[in-house]
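Structures incoming, each one as structure tokens.
Shared between the two complexes below is chain A, which pairs with chain B and chain C, respectively.
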Partner chain A sequence: MTNSFHIVVCASTVPDPLQTLEPVTGPAGPTLKNEMMLPAVLDPWAACALYEAAALAAKHTGSKVWLVSLGPKAKLQQVMMTVAQKVPFELVAIDGPLGGFTDAHSTAAALAETIAAIPGLDCGKLLLFGGWESASRGAGVTMQVVGERLGIADQFQGVDQINVKEDGSFEILERVEGGKHQVSECAGAPAVLGWATGNLAEPPNRPQVGMANMRGVMPAIQKAKSVKLDANGLSYASVALPKQQRETRVVRDMPEDEIAREIVAWIAE
Partner chain B sequence: MSEVNPEIPLEAERQEMAVDIACVGFGPAMGGFLTTLTREMTSDGAALESKAVPGMPLQVLCYERADDIAAGVSGVVTAAKAIRASFPELASAEIPMMAPVKLEKVLYLLDPIGASRRSMTLRAGDAAIRTFRGMLPVKDDALELPYTPAFLQKHNGLVMSIGQFNQWVGGELMASGVAQVWPGTPVSTALFEGNSVVGVRLSDQGVDRAGNPEAGYMAGMDVRAALTVVGDGPVGAVGQSIDRKLGMPDGHARHEWAVGMKMVVELPEDTPLEAGTVWHTFGFPEPEIFGFLYVYPDRLASVGIFVPSWLGNPGRSSYRYLQHFLQHPYLWRYLNGSTLRSWGAKSLQESGANGEPFLAGDGYARIGEGSGSTNMLTGSGVDEAWATGVQLGEAVAEMLRAGKEFTRENIEATYVRRRRESFVEQGAQVAKEARNGFHTGVVSGLIGMALAGLTNGKFSVGAKIRPAHQQIEPLKEFYSQRLSAEQLEKATRDAAAGGRTLHDALMDACGWPEIVYDGKLLVSHQDALLMGGKVQAAGGFADHVRFRDAKLCAACAERTCIAMCSGQAITQGDEAVPAFDREKCVHCGACLWNCKQSPDGKNSNIEFKAGAGGLHSAEN
Partner chain C sequence: MEKLLVLTHVDESGALSKASLEAVAAGVESAKELGASLTIGIVGAQTDAAARQVAGAKARVLTVAGEEFAQSRYASDVAACEALVRAAEATLVFAPAGSRFNRVVPGVAYRLGGVADTHITALGAGEKLEVTRWFYRQRVEAALRRETRPWFLLLETGTRDPFSAADGDTKAERVEVTLPELRSKVVGIRAPKQGEETIRPDAKILFVAGAGWTKKQADGQVHATEAETLILGFLHAADASLGSSKSLVDQSGENQEVLKFMTHMNQVGQTGATPRHPKGLSTCCHGEEPHVVGWRFVNERRAVNLDPNCGWARGKADVLYVADAFKVVAKVNELLLAK
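Moving on to the complex of A and B:
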């Protein structure tokens, strides 16, 4: 295949979802308690986009992947320790606040401005990838606004698959209701793809990939442009985590049928 | 053609990479090593060029098994002398969960339940304490010792979370840009050429539980290095591979172990406990079990116990004991109303200098706990580990500048010499025999500790120390005085049928009350995994816990591996061997030494290999 793409993946850091998260009110509005001390991971939805981007680039000679990530430098650095071993990319770092409660329009503006300034980026080959959701707080509009600001009209959300054809057009499978996919045809780049989970397993750690990525990662973090994200009048009435229901009981020698009946009754509630 | 470990099949597709220094395990020791070396590299880069990649700076890589460098480690009370020498401004470095030690107390905990296995001597002592409690500092079934022995004191020290400290140190290292730390990357073994270590082999990925290739198979890479720095702790796979190949120095063995299990809890809002409060306890839930409570800033506290190998009880169970410990009246008045935030466990190598391996060989050096640096008299390991890392960092810089090869002689003349001249060695010699007495009894153990501590190691109590698997007493013999044959048989039968676990049934039968869960701090073991441990294991790696001889497992009456599995990852199962669930394993390594069976009279019947995943909590 001769079609090559410039794939830009927008992916920020989020606290490792396995941590104990506790929303609190800080001077600038809602935040997570001790968020800076929690280990961070690449937003899992965006991580799927990154793996899909790398797989697509590997199939199309001449393609290149940029990872544009906005977050505190320390967190970006921490996340790169794990992500950089996965797939090849060039990091474009933006030094900004933790992303859970920022205004999506301000975030999108910072991302779009940074992407537009990437040296050598050919907008005619641009596929803008990201997650259609976030493990931190899904505003649900960030990728769309980035695309709008970059003048990209073809946008797809909840993407699970892209099939590139010989003529450079592609077929995209977007999630719709009932576990089905909507199949769309797109004439070609540029396009925005907000990824769901995709179909790829998390790539194994590849030490050579890590070594190669790291040559660019640390300089990228060191020269990361610092941005302030305006609230634009955004305020939160309240912030809460989804309620956990934990009603542990220890019951011995309970017949399997009875256990099954109880589970069914619980689900039906 | 290089000679590699015979246990590893040669595979054509296995890739290879050359670096200058390959490091294994990112803990305090490796933090000390890399901090020191990277400072040397940035202060005098021209002298520290890479030989592996000419024209580039020294290529230094560190592989860590855990998914994050903040994960899978513990908190600590430390004198922090060596750490402060590296970071004079440490206290103001804004590391979360750090506080100066303010108030230290040693508590002898009486048994308020009557289920604890106490000797006649101890019972007489307890009775005397209770009789004269009006004249003694006894409160809530605990005797507050009038002073903290000097060897236990951590005055001017720090309480801190190693997870947070590691995160901070790792950040500083990565920011330097001259060393790379890669979490989520287990290392299966050292690579050998003859008796020289020439690098490490990463674990295979894309394999089934038995290690057979599956879809996405990727043979673990061989990372060849002039120097391999081994800091993978007491149960690390690389350290074990070197011990298997090269053996241990004469008279050295790792027979003494303990599991440290603890919770990080959020204390009630009205807690009177101040950050920096440190309590050391002994006497309960069993006399052999030491415990602790130390308080971080923001109403967080670490509370936990050490269950040692010399507690010969085959039904010992860290989690159950921990729950009884939390509820001891002296602690419960502060812990009641607390919330579990984090939980974890690890094996501690308690042989100290007696378990020291060959610290140096051609192409390798060993640092940290796995190198026998922990001082079991003072209960201090982190600062010693850090110091060994610093000593190696200085030694490596010295050798590189002098153009010396990393031979055994050169490493001994630089690193080992520094270590022998340092407080690490002096402390290790004082502590060497300090705990021997515990192998004959708790009272003799305490006398031995006091003797060694007060005489600077000149005197101690002697004892013959058996391998860990022999320290576990046979089930029937151990319980013969406490349970009837019918009770024992019923507990065993129930466990075999997959009902109540054997250790729970045994503890119940011995009079330990059932734990009444409050859903906040007192929670089931499985809930602790979910609420406090956050255990996870990436797919595509082989099981790292293996049972060597199924026949020995089938005939095993004790099954201490199940009782002492910190994450309930080892369970009864339907087969002859216990079942192992990799996704629950917290990598504490307790199974390695909590197995009564031995196929060779030397090692236990359980192999603990390199594995990915484990705890994710960073509040530790």
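Moving on to the complex of A and C:
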């Protein structure tokens, strides 16, 4: 195939899902207790987007993947130590605040400005990838606004698959209600694809890929531009953990027949 | 004074979807509480029937109609919604959080210099509108306000009753939209074959399968085929929807024994869905916080698990049956089929 793409993947860092989260009020508004100390991972949906981007780039000679990530330098460094082992990319780092309580529109503005300034990026070949939501803010707003700011009017969200055709057009599968996929055809790049899980497993660590990536990762983090995110009129009245403790009735030594009868009666209630 | 617009769209049947009618109900209620004017915007190929559905709301009705708007496509939907918001001069915009408007509303907000907040689960109207949503995948709940206008709110479905009133006549105003060159089109919907669907958003019960179904059982063997039969049997007999733990759906990519009908779309929890069902039955699940996320909006919860100290079930489920799920589900299916 002769089609080549410039794939920009937007991905933030989020606390490892297994960590206990406790919201607290900081000087700049709500935050998580010891947020900078919590082990972080690349946002899960954005990570799927990165793996799909790498697979697509590998199929189309001349393609390139950039990973654009906004976060505190220390967090980016920690997460990139792992992510860089997975697939080839060039990191574009933005030094900014961490967390889900920041405004999505301001985040999008910072990302769009950075992407527009990537040297050598051909907007005619641009596929803008990211997660359809983050695992922190969970808004599903950022990708659309970045796309709008870059003038991209073909946008797809909840993407699980892209099939590129010989002429550079592609078919896209987006998740819709009821466990179904909407199938669309797009004339070609540029386009925004907010990924759900896709179909690829997490790639294994590859030391050679890691060594190649890390040559660019540390300089990218060192020269990361600092940004402050505007609140955009956003204020929080309360931030709290839900009351989730239930009085669980633990049923032991009950015969399966009896358990089944109880469950069937409960279903019928 | 706020000017409130409720964005809705026509579904395949030509009528407003339940989610759209829920947004209309929220709009009627909030307009009253805020002293705001109310406009209802409708997007679709044909909008007449939908306009009659909301006649009882006593609101101004604006429509964007035409074949190009039958499709759930970003470029045409964003233009349609932008035109409706401009025509209504709206300061507040409500929309149902379905796949169609989730895709476009943030872009519309940007075009109009506004802001969008999504997954809104509650609206509190005092002097100023305050909305509730979840962060960190349904693990932290927050109430927030915005000064910026227009403020777009995507309302979670299933959080309120749909608007209901007898159909009537209303004088809908048609808004004309000039579309840009369209580079994409919807060519179809890919769905499981009839009778093979496992995701049913309107089901009264969610059945969650954990990785235990594909682990070695007491006889030292894996019984994946039997697990498939039992799970599908339950789904059919109870008309249930199927959810899965991440570990179970991930197995398909790791060349382990898998349940053939299970995909990432079934996944609930930290990196999956948070479906809304009145009841949930969990089987062979283990783990902690990530699973709880998947159950956040399931009201009554029961679990079948061999581990009485399972950190997942204790404190999170109403009832934990310490038993072999293979045996229990087989009996449950027998009883359900005999009814």
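Just so we're on the same page, the second predicted complex is superposed on the first by the 239 of 269 C-alpha atoms of A that agree within 3 Å, B and C clash if a C-alpha of one lies under 4 Å from a C-alpha of the other, contacts with A are read in each partner's own complex, and residues count from 1 in each chain.
The rule is short, and it goes like this: a contact is a pair of C-beta atoms (placed from the backbone, for glycine too) under 8 Å apart; a residue touches a chain by one contact, two chains touch by 3 or more.
Owing to the predicted nature of the structure, the values given are computational and were not obtained by experimental measurement.
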Partner chain(s) touched by A:T82 [first = chain B, second = chain C, both, neither]: first
Chain B versus chain C as contact partner of A:G179, first or second or both or neither: second
Partner chain in contact with A:G147 - chain B first, chain C second, else both or neither: second
Superposition-derived comparison: chain B or chain C, residues of chain A touched: C
Partner chain(s) touched by A:G210 [first = chain B, second = chain C, both, neither]: first
Touched partner set for A:A201, first chain B, second chain C, both or neither: both
First (chain B), second (chain C), both or neither touched by A:L241: second
Touching partner for A:M218 - first (chain B), second (chain C), both, neither: first
Which superposed partner A:M254 touches (first chain B, second chain C, both, neither): second
Partner chain(s) touched by A:T20 [first = chain B, second = chain C, both, neither]: both
Intersection of the chain A residues that touch chain B with those that touch chain C: 18, 20, 201-202, 246-248, 250, 252-253
Parts of chain B lying in touch with chain A, wherever the complex brings them together: 15, 17, 61, 67-71, 96-97, 164, 167, 170-171, 174-175, 177, 180-185, 202, 205-206, 216, 218, 221, 223, 341-342, 499-500, 517, 519, 523-524, 527, 531, 534, 536, 538-540, 616-619
For the chain A and chain B complex, residues of the former touching the latter: 16, 18-20, 34, 36-39, 74, 77-78, 80-82, 85, 201-202, 204-208, 210-211, 214, 218-219, 222, 246-248, 250, 252-253
Residues of chain C touching chain A in the complex: 72-75, 78, 98-100, 102-104, 106-107, 109-111, 115-119, 130, 134-148, 180, 183-192, 197-201, 204-205, 238, 250, 253-254, 264-267, 270-271, 279, 281, 288-290, 292, 296, 300-302, 304, 308, 313-324, 327-328, 331-332, 334-336, 339
Complex contact set, residues of chain A against chain C: 14-15, 17-18, 20-21, 23, 30, 32, 44-45, 100-101, 103-105, 108, 135-142, 144-145, 147-149, 153-158, 160, 171, 173-188, 191, 196-197, 199-202, 232-242, 244-254, 256-257, 259-261, 263-264, 266-267
